[in-house]
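Quick one: structure below, then a few questions.
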Amino acid sequence: MIPHSFDYKRASSVEEAIEILQNGSYAKVLGGGHSLVPALKLRLNAPDTLVDVTRIESLKGIGIEDGTLVIGAANTHHEIATSADVQNTLSFLAKGASAIGDVQVRNKGTIGGSIAHADPSADWPALLLAADASIVIQGADGTKTVSAQDFFTGFFSTILEETDIITQIRIPIPPEGTKSTYQKFVQPASRFAIVGCAAVKEPSGATRVAFAGVSDYAFRDEAVESASSSGASAEEAASKAAEGVSIMSDHYASEDYRKHLAKVYARRALVEVS
Amino acid sequence: MEIKISVNVNGKDYVREVEPRTLLVHFLRDTLRLTGTHIGCDTSSCGACTIHVDGVAVKSCTMLAVQADGCTVTTIEGLAQGAELHPLQEGFKECHGLQCGFCTPGMIMTAADLLAKNPSPSESEIRHGLEGNFCRCTGYHNIVKAVQYAAEKMSNEVSA
Amino acid sequence: MQLTGSHTLAAPIEKVWQMLMDTDILAKIVPGVSRLEKTGENQFEAISEIKLGPVSGKFSGGLTLSDIIAPSTFTLNVSQNSKIGNADASIKINLVAVDAQQTEISFDGDAKLSGLLARTGQRVLSGVANTLTKQFFSNFEEEIAS
Amino acid sequence: MSNKYIGKAVKRVEDKRFITGKGKYTDDMILPGQTYAYIIRSPYAHAKVNSIDISHALSAEGVVAVFTGDDIAQSGINGVPAGWQVNFKNGDIMKEPPHPLLVGTGSTVKHVGDAVAVVIAESKEIAADAAEMVEIDYEVFDAVVNPADAVKEGAPLVHEAAPNNIAFDWEIGNPKAEVDEAIANSHHVTSLEFVNQRMIPNPIEPRSAIGLYEPSTDRYTLYTSTQNPHLIRLLMCAFVLGIPEHKVRVVGPDVGGGFGSKIFHYTEEALVTWCSKQIERPVKWTSERSEAFITDAHGRDHVTHAEMGFDKEGNVTALRIKTFANLGAYLSTFAPAVPTYLHGTLLQGLYTTPKIHLDMTCAFTHTNAVDAYRGAGRPEATYLLERLMDLAAHEMGIDPVELRMKNFIPPFDGVNQPGYQTQVALQYDSGNYQEVLKRGVAMLGYEEFRKAQAEAAQSNKLLGVGFSTYVEACGIAPSAVVGALGARAGLYEVGQVRVQPTGKVSVYTGAHSHGQGHETTFAQVVADKLGIPLEDVEIHHGDTETVAFGMGTYGSRSLAVGGSAIVKSLEKIIEKGAKIAAHKLEANVDDLTFADGKYTVNGTDKSVAFGDIALTAYIPHNYPAGLEPGLDFSSFYDPANFTYPFGCHIAVVEVDKETGKVSLKRFIAVDDVGNVINPMIVDGQIHGGLAQGIGQALLEGAIFDENGQLINGSYMDYCMPRADDLPMFELDRTETPCPHNPLGVKGAGEAGCIGSTPAVVNAVLDALWSGGFGHVKDILMPTTPERVWRAMNS
């Protein structure tokens, strides 16, 4: 498997990366490379330039700032899964991160790369939606922060412009007593989610539930959320899952089976956080 | 256009010119002629190409050689300390953890990462830890035993 | 890959029909098509570029219209080739006037994929179909509005 | 003979190189001046090649040559042949349309992956880039992928020369009318329609081949990842390229697994050899995984309707089967034998079934060739029998263990009791089927299991147990028998033992390990037979230049046939050594005993060591008159019969009632592979076979769409067992020696893959039954969560 030829530039700062992206005729950002490199090898994509952002120090670092968990875009799944800050504040993100791919993938793949790619079956989008995370984006016109809700716009689609770089993921640390979980039904070959259900329930009862793998892109299931938030049982709230969205199907899980699984996994997740 | 990279592989420094599209696994196999690292798939699924970059297991088929610039790489050829086998290498032999041997280097390198992170894994932790590596010969039974053997031996070495 | 969908457009049936029969407009609303050149009666040469997540591919090939019954139905045959695989689709398009100002457009077809696309793309294929469908209708709506 | 090594878990001598990254697989080699081939393949399953434009590719910098099918045809090259011939019921010869190395202009490609052109370049990067510049115009036609559909009137035709896509039809067993009558008169008939799905062998090493032509000597060398170097040379020289065999050397270096898929002579082997002659430089081709999915031979793929009749007491009265077997687009090397002689002849199973009839139709389709995959025909037979047995037990309300026990052939050792003559041509050598089942059931703790199952039935996690017992035919096989059955080669094996002057021993075997550990097992046999240390023995294999001849490794034949050939040579060595010893000891040959590495005069302490004899043989200063110097013998061993390993496999599964997900909780295997030389290696073989058999039951299976596209052609979609899909296996064995080979061994390579698949599926169905979902019959493999869920919700 040999990719097409391309140019490789290693950026030492976000600004430099953006400049390269602006100058390249068709440039792609290279993070951990675990979505991009396989596509290049299969020649499913052929950018002229790759901009490696993984050595930009400012894109790395996990910490807590004023009640917000901050994760650098270039942090790997493994770093997040094993971060004490993550485990102590939003343990389901650590659990979710440790369910991605396999050890080698988690050692190299980054959160920024994963969400920029926005694979419908990837775990991070659902996890970040349920966490009510914000994504910090730096572009040619400066920096902006958008909610995960606004970030994911469709099938492999985000609001990112071609010259944008994700710099940080910011997640509000929920009140004491909040429970969270990530329940994943994996496709045994790819280890992607057939259904991944992330759920967060705050002591007030307010609940956020998001799905990976079910539809064209990760989504928050408002019907389930509002039922659960207003005190419905896990069973009852879960029965509303994945209604009114287009459901993916493939040779491993058809549309109606996937929908059924979404309800089962919603219930399991809600039972966990009740 | 070729780019100059310098990489330390198995304790030796190499400076080479590579095309940006050259995969790290091809660099190791074709340029450095370290053919113990194998290629079993196109989709980062089989783990046969697993090596360590800066101490952690990665799939060298999913990394460009240029990304390894300035890094320390260990391949299966660099795991033993001279004539003395690494406990995992010994474990694979003692427990018959290999048959055709093709997945073995990647399997051993992944297991080494696992034991570095978790020196006394349970059976299920071992199985989970090896989920990124296919073996088509052994049914994994003796691979699990080989990792247990190495874990035991390494913990004895530490306590001794 | 099944391609089915329906949508109600805010335009009279005649207008929708005219737009579909207009090469320039067709080129704008069929997702990915970047160029459409007439090569014969209802026959076109098409160049398209599909960018979907990890995949970015240039396709080229033919596009023909057949079984044309104005203003209600025709079949769109698309044959697009690329180095990563080929797509051949035959899609029957039906128009029904909902009222004087609205038209329901529906289509039903099948796309045959070959090569690497068929072999490695299955996991996300239903998403591709869905996305292309959505794009088609939203492009159409934009075009009507413009 | 001492038993210092035989029967012991001797650690493998080959491991050192593999665990240190020093194995030498074909793709590890770079020959001086080597070029790289990229093969351009059809994206369509059925299409006419209208035109090929290679001009742009040819003019690209670094491209050495581009060849198409037209070039191949012009040099008069034939396609690759089948190695077996099976005739139609009416005696007509099977249809064997040519399998060209490259499909030429005006011809039709017949499966996705059919080769159309080859680009040869200075680097693999250049070759891959230039391949994109080759323009091919296809005219696409409808395809057919299912063997039962392919033979219907009006189906798209794969080969003009094979009407209705039938390669041949075939039958075996008792006269059909007798079987029909027995079924009609049965008290109970269990019937089952099922698919034994297509499997993709997927050795982790993709195939690779390097052709090297040396003009100075007019000699060729082919390095190839094969289980079978001599057969590749024979087929390629005699049937494809028409070059003399003595000018060709075929080397199979270390081979990274095969499971059958590397037995066959593939077009790429002949192609790189031919190309290397054209450009007078070495040409390497290494398959990419996505390429392997569409070019390696697949396995299984039967569509079957089977009926098993029983009398009032539960005794089997008859078995009637109609099967359509998919052979793919071309006849691969072993393909005709797999659904016939390796399948139909095993339908007796372990049962006394008095009337059996198989009606087999073998069809061409627009898919990869189908050929032997671990077990080859026997897993299909076992799946059929054991699914019927468990289903019948459920239907008749008889315990599945009891029903099997009732119908087992009584124990026979092949010495005191004769072999068992089946209704389907074979005569089993020895067996004790009751014992393996008894042991398996004891290991399971059957009564406790049924209690736990009843409790679990109230929960969301159902438990199920599945039984499977099997007998297989291994150690293929007597040449006369296989010749009568249509084999175009003998199936003996060659073993040469060369004792060096210092008493060290070099052994040359025609068997070719691709993971089985021959370098260890064979050395154990040699060391013990000669009473010398294991380190003094070295096993050589895989090179036609050093090994006189060979038939390769498959069909669990290496030790039973290849090992026996070595034993024959050892016997000759010992016999000749005795003459030398008698001369040295001034005794009669008849008064000597050879044991523990020395010849001793009976009743005395006068002896001479084997090493001394070796030295004397090469420095024959004081030597028996008329005896040739040297101590080097070669033997061709042709077995008297197949060997017949058997066993009992038991699976325990948990089924998630909500999702249908099946978890394998326990797997018990009690196998009898005859005498065991190295129990560690035998267990390893069983483990690996189990994983593949379990993979078929739960995870794996090729999926072609109606256009002939393989839609799960990558490891992202084709599910193979990973470490966390499997439990630790619980193994035991009995040892019923094979009465007709000198080691008493039967073969262990395929057993695990033959017995395990039906055990797992039966367990899934048992779980569903326990949960109140009835006797589910028509579930397809693999039993994916969705399929199991649908079975519970239909």
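Lettered A, B, C and D in written order, each chain numbered from 1.
The definition used in the following text is that contacts are C-beta pairs under 8 Å (C-beta built on N, C-alpha and C of every residue); 3 or more make two chains touch, one makes a residue touch a chain.
Model, not experiment: these values are computed from the prediction.
**Q** Looking only at C-beta pairs in contact, point me to the busier pair out of A-C and B-D.
**A** Per the contact counts, B-D leads.
**Q** Go ahead and note the Å separation of the Cα centroids belonging to subunit A and subunit C.
**A** 31
**Q** Calculate how many whole Å lie between the centre of subunit A and the centre of subunit B, each centre taken as the average of the chain's C-alpha atoms.
**A** Subunit A and subunit B have C-alpha centres separated by 28 Å.
**Q** Could you tell me the distance, in whole angstrom, between the mean C-alpha positions of subunit C and subunit D?
**A** Whole-Å distance between the two chain centres: 48.
**Q** Which residues belonging to subunit A are in contact with no fewer than two other chains?
**A** Within subunit A, the residues that touch at least two other chains are 1-2, 4-5, 38, 42, 187, 189-190, 251.
**Q** For subunit D, which residues are shared contacts with two or more other chains?
**A** Answer for subunit D, listing residues that touch two or more other chains: 125, 288, 290, 711-712, 714-717, 720, 722.
**Q** By residue number and range, which residues of subunit B touch two or more other chains?
**A** 19, 21, 42-43, 45, 131, 133
**Q** Applying that definition of touch, give me each pair of chains that meets it.
**A** A-B, A-C, A-D, B-D, C-D
**Q** Which positions of subunit C touch subunit A when the two form their complex?
**A** Checking each residue of subunit C against subunit A gives 52-57, 83-84, 116, 120, 122-128, 130-131, 134.
**Q** Could you pull out which subunit A residues touch subunit C in their complex?
**A** So the residues of subunit A touching subunit C come out as 35-36, 38-39, 42-47, 117-121, 154-157, 187, 190, 192, 216, 246, 248-251, 255.
**Q** Which residues of subunit C touch subunit D in the complex?
**A** 83, 85-86, 88, 112-116, 118-120, 122-123
**Q** Could you list, by residue number, the parts of subunit D that touch subunit A in their complex?
**A** Residues in contact with subunit A: 124-125, 128-129, 288, 290, 658-659, 661, 699, 703, 711-712, 715-720, 722, 725, 784-786, 789-790.
**Q** For subunit B, which residues are in contact with subunit D within the complex?
**A** 19, 21, 29-30, 33-43, 45-46, 48, 75-77, 79-80, 85, 89, 92-94, 96, 98-105, 108, 123-124, 126-128, 130-131, 133-144
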